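Same chain, two partners: chain A is paired with chain B first, then with chain C.
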Partner chain A sequence: MRDAFDTVNPIVAFVFFAFALIMPMLVMHPVLLGISLVCALIWLFMLRGRKAIGYILKFVLPIMLLTAILNPLFNHAGITTLFYLRHNPVTLESIVYGASSAAMLASVVLWFACFNQIFTSDKIVYLLGRFAPSISLVVSMALRFVPLFSRQAKRISYAQRGAGMGTGGGSVIKRARSGLSILSSLITWGLETSVTTADSMRARGYGLHPRRSFANYRFDGRDALIGGLLALGMLCSALASGFKLISIRFFPSFKINEVTPLFIAFCAIYAITLLIPVIMNSIEAYRWHLSRSKL
Partner chain B sequence: MALVEIKALSFLYPGAEAAALSNIDLTINEGEFVLIAGPSGCGKSTLLRRMKPALSAYGEVSGAVIFNGEPIEALDLRRQTAEIGFVMQDPEMQIATDKVWHELAFGLESLGTDQATMRVRVAEMANFFGIQKWFNSPVSELSGGQKQLLCLASVMVMQPKLLILDEPTSQLDPIAAADFFDTLHRINSELGTTIVITEHRVEGLFPLADKVVFMRNGGIYYSGSPRSCAELLEGDSELYSVLPTAMTLFARTRPESMKDFPAPLTVREGRQYLKAALSENGASFEKTAETGGKVRKATALDSGRKPVASKAGFDEKPVLSMREVWYRYERNSDDILKGASFDVRLGELVCIIGGNGAGKTTAIMTASGMYKPYRGKVLLEGKPIGKYSDGELFGKRVGVLLQNPILSFVHDSVREELEAVVNRNKLEPSKLDEIVSLMEIGSIIDRNPYDISGGELQRAAIAKLLLLEPSVLFLDEATKGMDAFFKEKFGVLLRRLTSRGTAIVLVSHDIEFCAEFADRIAMFFDGGVIADGTPKAVLSGNNFYTTVAARIANGILDGAVTASELIDKVKAAEGGIQIEQ
Partner chain C sequence: MNEAAHEKQNMHDMTGGGTDERILAAERLRARMEADEKKRRLIRRIVSAVLILVFVPSVVLVGMLEWHDRQYYIVSMLIILFSMVPFFFVFEKRRPRARELTLIAVMVALGVAGRAAFAMLPQFKPIAAIVIITGVSLGSEAGFITGALTAFVSNLFFGQGPWTPWQMFALGLIGFLSGILFNDQIKSKWKLFLLCAFGAFATVGIYGQIMDTQYVFSAAQNVTWEMFLAAYASGLPMNLIFAAATVFFLLILTKPLLNKLGRIKLKHGVFR
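And now, the complex of A and B:
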């Protein structure tokens, strides 16, 4: 299924990801980290389905465990000593800090996994095109020529093999030498053929100023709405951090603000902001369900 | 009104002795479709590039090119970009970006067109070219034909007044080329864009062109309507190979009494002419087809031009045989070969024909031992090909030349390339000279592979394979992009190799070439061989997948497959009937 957030204007999407990625790194508040982690998890399951489980088990959990275990072993700061391990104190503060770091890393990794699903090369090219059209073109060309080159290398190696000059067999030195000759042939081919590419680009006016990138995406009402919500969430976060609502101290002793109604309100806003993609998907699914049941 | 006026244009490349263009006078009117034909190296491309200053080579120029009333040099890059579109040979390398939509928008991005206009123009062109379906695709997923259409579309978005195309279909198969020509025809007739095109494949372009220009050695020696050129070129045998088959037939066989008959350009007109010419001599054509047909069939076998070695000369036992071979690239992908079988005997030239995706290339990759089939077997000299080691197999027993011969060159000159093979295998140095003279590449031996023409490159690449004297040579799409002259020469050289006992398996889209030179044709469809036999047996029965000559002759003079066979038959028929009278 296509994700609802996939069709959001890349600029808005990019701001969303920037917010989702940066917040856990700046504010290591356990509650907020928990919210971030849960939101990212829900969305990742929506995006990748069952495949997300494997990804989490193989990649995210080991990172979490490693961070959570290693921190108390090596970080001995903090005043509440729980026990001694080989004459080294293991403190409550460092355990909490380790767990928070683990949650922070995990949520960053999960948000990145979502980012990878949503941010295709087209969106990157579009984003760059808004600000630096020439860089955007270079990225697009690189995306074209890297696979082209690897395919060409394969063809050259087949061609050499077919002429009895293959890389297979022979000593390491012999193989390395024929591998090098393939590389040199590839480079020559690249240089020679890039003349054609350059000609074709020049024939289509490359080098004229100013260059303007074609916008493959529009900015519509929905993007404005999402952008507005996002801006609101970001503003609240800035205020919350300005008024020390979400500040936290780990060392020497763990200190966290009391749970006030204001704090709960902020948590709700934070969660809603991070759940934008999930909410969009749910609304869309519900609408489809409705329209189908009408039939 | 004249869009382009070329006046006494001459051009000399720096350091060259002979002029690349000499004293060219040519007027291209607005909305005209102009075809420029001529052998490789006659100056066609140089002339085209003079009409697009951004791509013009440096050198000594005299004369003038006037575009839309002003000297073409006066056009700045912006106007040139917008008003003169240029499409080149190789679609793969012309494409700069990774996505179809981006490539389409490229020119407008350069011009800095505003977003709304850009959107409309791109959408318009995507519609006109039928690109919507693959608008968001990566370029790497397109076929060669689609890529070239994309190149054309990416130029047309700028709405040029003049569209220049330099051998745009030389890398395409015949179906894709026909598609491309159709699109050009639509651009010309529906948008009124002026088109100038050079092409070796003139068969499909002659009927579209308003004006045909023939060039030779940097000069124009014919320029006029396509129909009248048969008249003017009479007696010039070099040109016959350039003309469409129907016109060649017309020019060679027209009886005196039919002087005023309009020259045929298409298969349909060719058939009309053929009927008329045969009935002109008193006999109705039905009669000649029925009674005369059999007689002529016999004479054609006796006296007809048959360049192939006699069948009896072959070994009966195949040197290589493929038995019900199945192949697919990945475990879960579709089968490419589905029980393909064929034999190759020493001294035989076998051509593999068939549409795109029929499995032709995969067949030779499997037959040569490059790919391992998952079912069926390939026997080389009676032994399963998998039993040979790479060293025993490649080079010494089989030689494989892939589609793009430049890939076989890793050194800076043809000589170094050949010497590398000689040294690695400790061959006699005299072997090199022998092969060089056999393949007639003495004149290019010290050149860089990138500086020689496609036909010569192909010969040099084959020379490299021949050093090790493989018994079977596999050539993929070897005639691609060759002009008529090089093709003829290439065919003769291949026959020279088979007469030395080498077996050659050639994959080709060029049915005319296969008909003329092959001993046997294997026609592939859907991963298997559906017809296998002499060119005559395979091609004369086909209605569509056959030579133009056979399509003209079908049902009128059965059994003619190549143009020269058809001409001989018509001459014989005319002669025969005249004697009867």
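And now, the complex of A and C:
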């Protein structure tokens, strides 16, 4: 099923991801990191289902482990020495810091995993096209050339086989050589095609007017609602860190802000902001359930 | 025959032994293009100077004062992003011709397809070799754009992450440097050897080091020299494979690819 957040205006979606990615990097607060991690995990499971487990085991866990282990080994700052490892102190603070930075890295990687599912190339080209038209044009053309090349490579291979220059069998060296000859004509063809494309673009008036990219995205009421929620979440985050509602210090001794009702309120706002896609998906699923039960 | 004389000869042939005026017009065009190139370089320098002298220190300052120091990760990522802006800005502002755009797009697609074709061998990919050859043949600006966009577009297939800006910067820098250090007259074995040596250095010394530095900044608050050494040591095997791949692909691709690109440049008068 298509993810509900997939249909949101790319600009709003981009701001959401920027917020989700920058917050853990800026504020390495264990509670906020935990919230961010959980929200990213729930959404990733919604997006990728069981495949998410393999991704986490293969990719996210090793990064976390490495970071959590490396920090106490190399960083001896902090005043609470737990034990000595080869005459080097291992401190509680650096273990806590290692765990926090592992959580930070993991949540950044997980949010990026969600980003990769939502931000398909058309959305990226749309976003880039607004302030870097030439670059976005190169990106979209390169994306188009990749499948074109593989198709043409197949054609060249058939043609060579038809001409009696077999590419199917033979020793490794023979196959490598025929592969190289395919590559060679492919590159020549690709370069020549690029000029043909450029001439065709010029003939259609490229460069005469500022270029606009194809966009299938409107900014509707739902986008405004999500944007407003996001803005509220960002404002609260700025205020919370401005008024020292959230503060954290790892070295020399671990110190964290007190848990006040305001802090809990902020955590709730932060969680709701990050859960926007999950909430949207749940509403969608509920609607689906309702419309099905009516039948 | 040097390039200018070659051009003159070409012009002469095309016009069927044409008049001196046409040759003079071609010379004038060439002089104007060179003046444009100088202007572009100046703009790039000014933009880079403003960014490096104003933006980068202010980012570091904000990092120190507002974010309580030692926010290495976000500060270093912002600096990497800022240092790419001048290249893209100048490229965008000079409104590149359609032929330049399509040619760069083809080189990017080649790099991406190459990375996909060798995806089953870890780190054994022709990406850096193709970026280096592009820089050598099409010049430093095209080299930077091709390198940075190859990293970006291939990550659309392999997954974007916090590493994307760093990869873009590292590959862009490799393309930029190869455009500055070499011209496309790589005829002798000695020159090819030098290019391969540069390729090996670029993958280990530039790409590998930038990516390992990225890891240290992402993971640690109190950065120490031992951490960098440990990260470089643990990254070295992968970087060496990448370097071997780059040298291998440079050896087999440099001559044919430079020939083909040279032919396109000569035939269609692009990137000269």
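Going forward, the second predicted complex is superposed on the first by the 255 of 295 C-alpha atoms of A that agree within 3 Å, B and C clash if a C-alpha of one lies under 4 Å from a C-alpha of the other, contacts with A are read in each partner's own complex, and residues count from 1 in each chain.
By our rule, contacts are C-beta pairs under 8 Å (C-beta built on N, C-alpha and C of every residue); 3 or more make two chains touch, one makes a residue touch a chain.
Note that the structure is predicted; figures quoted are calculated from it, not measured.
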Exercise for the section: Answer with first, second, both or neither: which of chain B and chain C does A:F214 touch in the superposed model? Expected result: first
Exercise for the section: Pick one for A:A285: touches chain B only (first), chain C only (second), both, or neither. Expected result: neither
Exercise for the section: Go through the superposed model and pick first if A:S150 touches only chain B, second if only chain C, both, or neither. Expected result: second
Exercise for the section: Tell me which partner A:F74 touches in the superposition: chain B (first), chain C (second), both or neither. Expected result: second
Practice task
Based on the superposed arrangement, let me know which partner A:G162 touches: chain B (first), chain C (second), both, or neither?
Solution key: first
Practice task
Tell me which partner A:F250 touches in the superposition: chain B (first), chain C (second), both or neither.
Solution key: second
Practice task
Name the contact category of A:T193: first (chain B only), second (chain C only), both, or neither.
Solution key: both
Exercise for the section: With the two complexes superposed on chain A, say which partner A:I182 touches: chain B (first), chain C (second), both, or neither. Expected result: first
Exercise for the section: Please work out whether A:I264 is in contact with chain B alone, chain C alone, both, or neither, and reply first, second, both or neither. Expected result: neither
Completion exercise
In chain A, both chain B and chain C touch residues 121, 133, 137, 141, 143, 148, 184, 188, 192-194, 197, 199, 201-202, 206-207
Problem - Contact set on chain C toward chain A in their complex - result: 67-68, 71, 73-74, 77, 88, 91-92, 95-99, 101-106, 108-110, 112-113, 116, 145, 149, 152-153, 156-157, 159-162, 218-222, 224, 226-227, 230, 252, 256-257, 260-261, 264, 268, 270
Handout entry: Touching residues (chain side chain B, partner chain A) in the complex
Key = 52, 54-55, 77-78, 80-82, 85-86, 88, 90, 92-99, 101-102, 105-115, 118-119, 122, 136, 139-140, 151, 154-155, 158, 368, 370, 389-391, 394-396, 398-402, 404, 406-411, 420-421, 424-425, 450, 464-465, 468, 470, 474
Fill in the blank from the handout: Listed in rising order, the residues of chain A that touch chain B in the complex are 121-122, 125, 133, 137, 140-141, 143-144, 147-148, 152, 155-156, 158-166, 168-169, 181-182, 184-185, 188-189, 192-194, 196-197, 199-216
Handout entry: Contacting residues of chain A [partner chain C, same complex]
Key = 21-22, 25-26, 66-67, 70-71, 74-75, 77, 97, 101-102, 105, 108-109, 112-113, 115-116, 119, 121, 124, 132-135, 137-139, 141-143, 145-146, 148-150, 180, 184, 187-188, 190-195, 197-199, 201-202, 206-207, 249-251
